[in-house]
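Attaching a single structure in structure tokens format; questions to follow.
Labels A, B and C are assigned to the chains in the order they are written; within every chain, residues are numbered from 1.
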Amino acid sequence: MPRTPLITLITDFGPADHFVGVMKAVILNINPDVQIVDVCHEVNSYDIFDAAFTLAQSYRFFPPDTIHLVVVDPGVGTARRPLLARTIEYKFIAPDNGVLSLIYEREETIEVRHVTSDHYFLNPVSNTFHARDIFAPVAGWLSRGLEADKFGEPVTDYTKFTPPKPKRVSDQLVKGVVLRVDKFGNVITNITPEDVPALFAENPPPFRIIVGQQEITKLNLAYSMGKPSEIFAIVGSSGYVEICTNRGSAAKALNAGRGAEVGVMLGEATAPTP
Amino acid sequence: MPRTPLITLITDFGPADHFVGVMKAVILNINPDVQIVDVCHEVNSYDIFDAAFTLAQSYRFFPPDTIHLVVVDPGVGTARRPLLARTIEYKFIAPDNGVLSLIYEREETIEVRHVTSDHYFLNPVSNTFHARDIFAPVAGWLSRGLEADKFGEPVTDYTKFTPPKPKRVSDQLVKGVVLRVDKFGNVITNITPEDVPALFAENPPPFRIIVGQQEITKLNLAYSMGKPSEIFAIVGSSGYVEICTNRGSAAKALNAGRGAEVGVMLGEATAPTP
Amino acid sequence: MPRTPLITLITDFGPADHFVGVMKAVILNINPDVQIVDVCHEVNSYDIFDAAFTLAQSYRFFPPDTIHLVVVDPGVGTARRPLLARTIEYKFIAPDNGVLSLIYEREETIEVRHVTSDHYFLNPVSNTFHARDIFAPVAGWLSRGLEADKFGEPVTDYTKFTPPKPKRVSDQLVKGVVLRVDKFGNVITNITPEDVPALFAENPPPFRIIVGQQEITKLNLAYSMGKPSEIFAIVGSSGYVEICTNRGSAAKALNAGRGAEVGVMLGEATAPTP
């Protein structure tokens, strides 16, 4: 007996409307034997990067053959295409608005198709709820074992944004940005240990991480190693440098949100911080 | 092998307490092979219309034989009856407080029973949590294939409210109300294209939709067709006329919530708006 | 065919991040045939008592052999141990920070093990996300039928807090505290009918329940028996005395939250309330 197929959901639909329930209804109507896993329905409204980040942080932990359905779709009802992407291990269904960008970046082998086979849609298709009328039905049929080529032709001109990369400004300075603030107020930057290897060497030099008006000069191994109200850096579970405080919100303390600049200065401070 | 039975849940219990988890526990204890789908647990507290609306928007998308369990129950512990309703395709379990009103309205054939067979309840039954002690167990047993007549006798005097209908005030004016504001701030009215057919004819006349102090004079086909901060009308996925703004909250811009009056005036403005 | 194994989740991870989705991914990767039930992901951040209370209110309603996974873990990445506890009916996986205290208290027979078999972990184990790297994998393997003794040795020095107990100050006065405020604003105290049996006798004496500056002198059987804005007591579904108001928040009206003192005075008031 083959394994129960899995569909994951990432949307910006929130918990208070019927939208997510209806997506599940449509999927279960097509394939009653599928297992649906909610990854996140509280992506910021219309926020394509936020959805892409959530997907990138979660997709690889699921079993092979999982179908990842991502609907953050401010362009619903316009010409933007519905896509079906396929890597060696996973399938992805999403609007062509860049929400799969981090998948395109991380996966070496990827095939992207424009979904055009409208006999798989829930007809008549509305102009405002393609999650119900296009994306959920395609996921349902796909989970029943239909081949990807049944849904449309390959395309190569899909929308892709380039995620912000840290910049090495000098031997002493790497500049990055905040990617996200998590539920606990941890400030996740786009800087990884590879970007500042000296910091993780056996005898790291003194350093300052500058966020807004604050300087962080401590690197801890675990959240609870921080002293009360101390702000420190840590390598988080996603592999990024995070700014944290023990049992509190570093984001609030620093007044820093997504897009805020983060500087990592190595070596002794020799002049006032710019 | 028969299909996995499905139970959907709509409540006002919110996400922070153990209430929903316990409902599921009770159901799974009775029928471990059931699949439970959360439709919404963030119905406004005690809000029977809100629950009825959520149910009406979602129930028909589920597979035949789905059991819909709706617990918004400010009268818990009093004489209000637990009900089991049955249409040709679905079953519904809910308190007799009007929460099934839109089902009674939409379904031609419906049988409603007063659930009295207390040997199916989780005894002793509390006065404050019938979702756990009555509604969930009944759903569990029903999902195991028990016939509806095992649970109680048919009744016809169940509680039913009449949802607000648009009124044709004159040839030029139709008046409706706001039914709900969704997560994105879209203002869902109770007006359908059938109520104002001229608006959707081939050459529609000029029109004004009046909400609060504002006049909306544009009808778009998709959310993203709106210019920045423009407020416009659209036919939403539920079939109702919605007032929207592209990537923003029309509800906030209009300061309009449920129950607010909505007027649709057809033809040129010939006098100041009343 | 054995029944589908069940894993329940209680965390403080909230709905907006990928954390819960990733836990489920890891579990399903190890055991695709498990059913996962969310009990609550909105435990107050780092709040061990809140998680313990949620667990205590829910675990017994689940079928025998359910695995309860509780991750509220401010000490993640430090020496605090991962535990696997086993009663006659259930298994529990949690950090050794007291979050299982109410289980230790309620269950007569319990075996607690320190989980050390790191070949079951998701390696390399991070310092910040043991829910993903330790707790979820252990739950997954356990759900596949592995014996508890495969995961580590029994321990007896586990962390345990004593929940606050009501105190009988005199024949007339019992003092307790608020344990929790629920979604509806009901104020759940730690006082049970056994603590104030006179109140529930056939001819109860006059009484006053004192919370903050307010005196409650009425006991109702159901929420909706309260008159508008009246504040009254009730025995809630958890067996505790609650302070409530019909269709409103008693917590707001009383300005009372967790830890607030609650006094139950029996008999006529003979002097001004202290």
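Details
Just so it is clear, a contact is a pair of C-beta atoms (placed from the backbone, for glycine too) under 8 Å apart; a residue touches a chain by one contact, two chains touch by 3 or more.
Here the structure is a predicted model, which is why all the values come from computation and not from measurement.
Because contacts link each chain to all the remaining chains, their graph is best described as complete. The angle of the rotation carrying chain B onto chain C, fitted on C-alpha atoms and rounded to the nearest 5, is 120°. Spacing of chain A relative to chain C, judged by their CA centroids, is 32 angstrom.
Shown for chain B are the residues that touch two or more other chains, namely 15.
Per the touch definition, chain C reaches chain B in the complex via residues 3-4, 6, 8, 15, 35, 37-43, 54, 57-58, 61-63, 66, 182-184, 221-225, 234-237, 242, 246-247. Contact residues of chain A toward chain B in the complex are 12-22, 24-26, 28-29, 32-33, 45-46, 74-78, 126-129, 132-133.
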